[in-house]
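Lettered A, B and C in written order, each chain numbered from 1.
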Amino acid sequence: MPARPDGNADYIRVAGLQVSYDGTTLALADMDLVASKGDFVAVLGPSGCGKSTLLHAMSGVLQPQAGGIEIGGHAVEGSMGSDAPLIGYVFQDHRLLPWRTVAQNISIVLHAAGVPKVEIEDRIERYLTMLQIDRLRDAWPMRLSGGQRQRVSIARALALQPAVVLMDEPFSTLDEVTARLMRQQLAELWQESGQTIVFVTHSIREALFLANRVYVLTKGPARVLEVVDIPIERPRRYEDPRLTELEGQIVNRVMSVWGYGEPEFEPTNQERQ
Amino acid sequence: MTERPEGSIADLRKAVRDRWLDFVLGFAGLGSLVLVWWIGSRTTTFVPSIAEVISSIPEFVREEEIWPDVLATVRRVFGALGIAMVTGFGAAYVMSRGGLWGQVVDRYVSLMLGIPSTIAALLALFIFKRSEVGVYFVVAIITFPFVALTLLQGLRAADRRLDEMSDVYRFPATAHVRHVAGPHLVPYTFAALRNEYAHAWKVVVLAELFAVNTGMGARFARAFDRFLLVDAMLWLLVFMVILLGTEYLLLLPAERRVLRWRGSGQVMA
Amino acid sequence: MTTAPAIAVEGVGLRSRERSRRVQAFIVASLLALGVWQLATFVSDGWVPSLGRIAAAFLEDLTTVQVWADIWVTFRRILVTFSAATVIGVGLGVAIGLSRRIAAFFRPIIVIGLAIPDPVYIIVAILVLGTEESSGLIALVIALVPFVVNIVVSGVRARDQGLDEMSSVYRLGRRRYLLDVLGRQVAPALLAATRTSFAFAWKLIVLVEALTQPRGIGAQIYYSFRLLRPDHMISLALLFIIVLRATEAIVFTPLERRLLGWMR
């Protein structure tokens, strides 16, 4: 049973969601998720379990077979009208337009969302600075490193000032050092901007470090296995022993469910990639 | 350490040096053709010597009557090519959508790919008699299927990941075409343009031979008929100058500018 | 904009639907074309031969032995030129595609080569080498090479350069690299190149034969032109195109399937 956050009205509500990506095989079977405004929610699952499909459905691009998605009170099921809430999306592979500069990549998206021109310039300036890439504003994406491209992708999503930012394993292709830095920065950015974030990952540690609440999924067709609240105060340390313990609990819980063998008796202290 | 987005000074210098080397090599390539010419002039009786041709250039250029012909041919090439590019894109779009009409157009295009220019020219002669329209018709008909083929490849190779991004961020159709689909097609458009530009020149001469009496093709043929080989050579030179001119002064710079986002693969620190 | 990611479901229903649509398309295309043709006949006052006359001429040509002898002559020539042009074109194309310097050197030659009208090649070759068959064929090979080079170069340029690095790290050696790494990637473009040069060879040969030789389909078509028999012009051309299409289906399609099978 999914835990309800105390007090806050649900800003995002996913109920009984069933999604398949080819019409026959279900990727998600009966998915429930809630988030309040400004919440940071992580969705954790093994590779290929359909967690990306959840984001696809939430962004309005994929029509679910059953169930409902509500964002900011607005029902989103497979179609997004012009009055629908704005969605910021950070893909695993950045998906920047290679033939446009960094600044243009952001302005194009803002323009498509109907942001007035004067404000576009403002936001570009602000969010590039926030992500510490303001000197890259006229650079071509192909000239940037992986980490820099992801920062642009994040800046693009944030600059939209959307109802929710959906992040699909954004750091999984980066090297460990860059990824750690980005996680840190993301946590700070989240606190500063008060943005609602739904973050998909297969790294347990990452989920625990970043989120208020983690939805642990089964293998595909996925449903919620467990919802873990993380009451640890911020700013958090990546090596915090409390996180390690939580990680161990989750590892034990999912070992057999995700199909990796018998659960161990001692919580492991290993880094899960 | 300050860094400019375009890369360091050393990069710029290397780029300029590379460009220069390309130019020099191109010149050398041209030189090899001149060499072939020279050999030809020495070993055969009918190929005029280089000196002879060069000395006739000033007089030839001053002749006023050559320019209308040059312009006529140029006009036909650009006009027919324009038509071919537009219709070619239309056909490619229909083909990429599939379905009944997509396949119908596909059949036509495949068929048209096989028409020899001679037959098309003779056909145009029959249909349009001896007219300007006939020349446009021949050139457009011959180049159109190739344009369609190339652009179809481009449309089919669309990056679905970017399409998905454009869906998620809800790009309106105009923005999608302008920022995603359009730029993706640019290299394919250049390929089609380049190939068919040369192709159009090839065909226009033939078409002029059969259909009309004006234009460079006609002049060349006339010079050849009357065994004025120096004149024939001069017309050939005009032809080559225009060709190389458009390539190096128009196509290459345009291509470079539009594709500068590719970069040299350098990554900034 | 709402679209579900389009992952096609392979099913029996889809295949047969696809096939029936293709047949439909063929019928529609043919009917439309025939309709337009009759219109052209009507509009041009009989200059464009009517379908009836073409059909009659076709039957006549189909049963004339001489025609088939000519078809064989032309076919043989096409084979020779296209193979030579393909071999040279591929060699040159790979060199140009891999080396920026070589590309820069050959650029003016290719640019001009693509644009020189075919008659020029032929006339020059005839004048230089005499009116034997070989001179025409040599001219044709020279005329075809730039096209093949063009296609091969785009194929080479579009390769995955990550695999280049892989082959040098694993020290695969030049031969292995060219055959297994580059070759396989260039294969689809190569196939397109051979198809194109086959098609081009046909066009050029028609021209050569029309201008010089007494034998061959091109010559026959030209004679029909001189005798003001456009119906025979078209029927001969049609007959030959059918032979070519048949060859394509028999030779190229299976080849394509074998070489490109790994892509499916």
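The criterion applied here is as follows: contacts are C-beta pairs under 8 Å (C-beta built on N, C-alpha and C of every residue); 3 or more make two chains touch, one makes a residue touch a chain.
Keep in mind the model is a prediction, meaning the values are calculated, not measured.
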item: Steps needed, at minimum, to go from chain B to chain C via contacts; value: 1
item: Chain nearest the overall C-alpha centroid of the shown protein atoms; value: B
item: Reference chain A; chain at largest CA-centroid distance; value: C
item: Averaged-CA centre spacing for the pair chain C and chain B, given as whole angstrom; value: 19
item: Whole-Å separation of chain centres (CA-atom averages), chain A against chain B; value: 48
item: Whole-Å separation of chain centres (CA-atom averages), chain A against chain C; value: 52
item: Multi-chain contact sites of chain A, meaning residues that touch two or more partners; value: 60-61, 80
item: Contacts with two or more other chains, residues of chain B listed in rising order; value: 164, 167, 170-171
item: Residue list for chain C, restricted to those that touch at least two other chains; value: 2-3, 5
item: Residue ranges of chain B in contact with chain A within the complex; value: 3, 5, 7, 161-162, 164-165, 167-172, 175, 179-180, 183, 186, 260-263, 265-268
item: Chain B residues touching chain C - in the complex, by the definition given at the top; value: 18, 21-23, 25-30, 32-33, 40, 44, 46, 99-100, 103-104, 106-108, 113-119, 122-123, 126-127, 160, 164, 166-167, 170-171, 173, 176, 191, 195, 197-199, 201-203, 205-206, 209, 217, 224, 236, 239-240, 243-244, 247
item: Chain B contact footprint on chain A (complex, rising order); value: 59-61, 80, 87, 89, 91, 93, 95, 97-100, 108-109, 111-113, 135-136, 138-145, 148, 160
item: Touch list for chain C against partner chain B, complex; value: 1-3, 5, 21-22, 24-26, 28-29, 32-33, 40, 44, 47-48, 100-101, 104-109, 111-112, 114-120, 123, 127-128, 150, 154, 199, 202-204, 206-207, 210, 218, 221, 225, 230, 233, 237, 241, 244
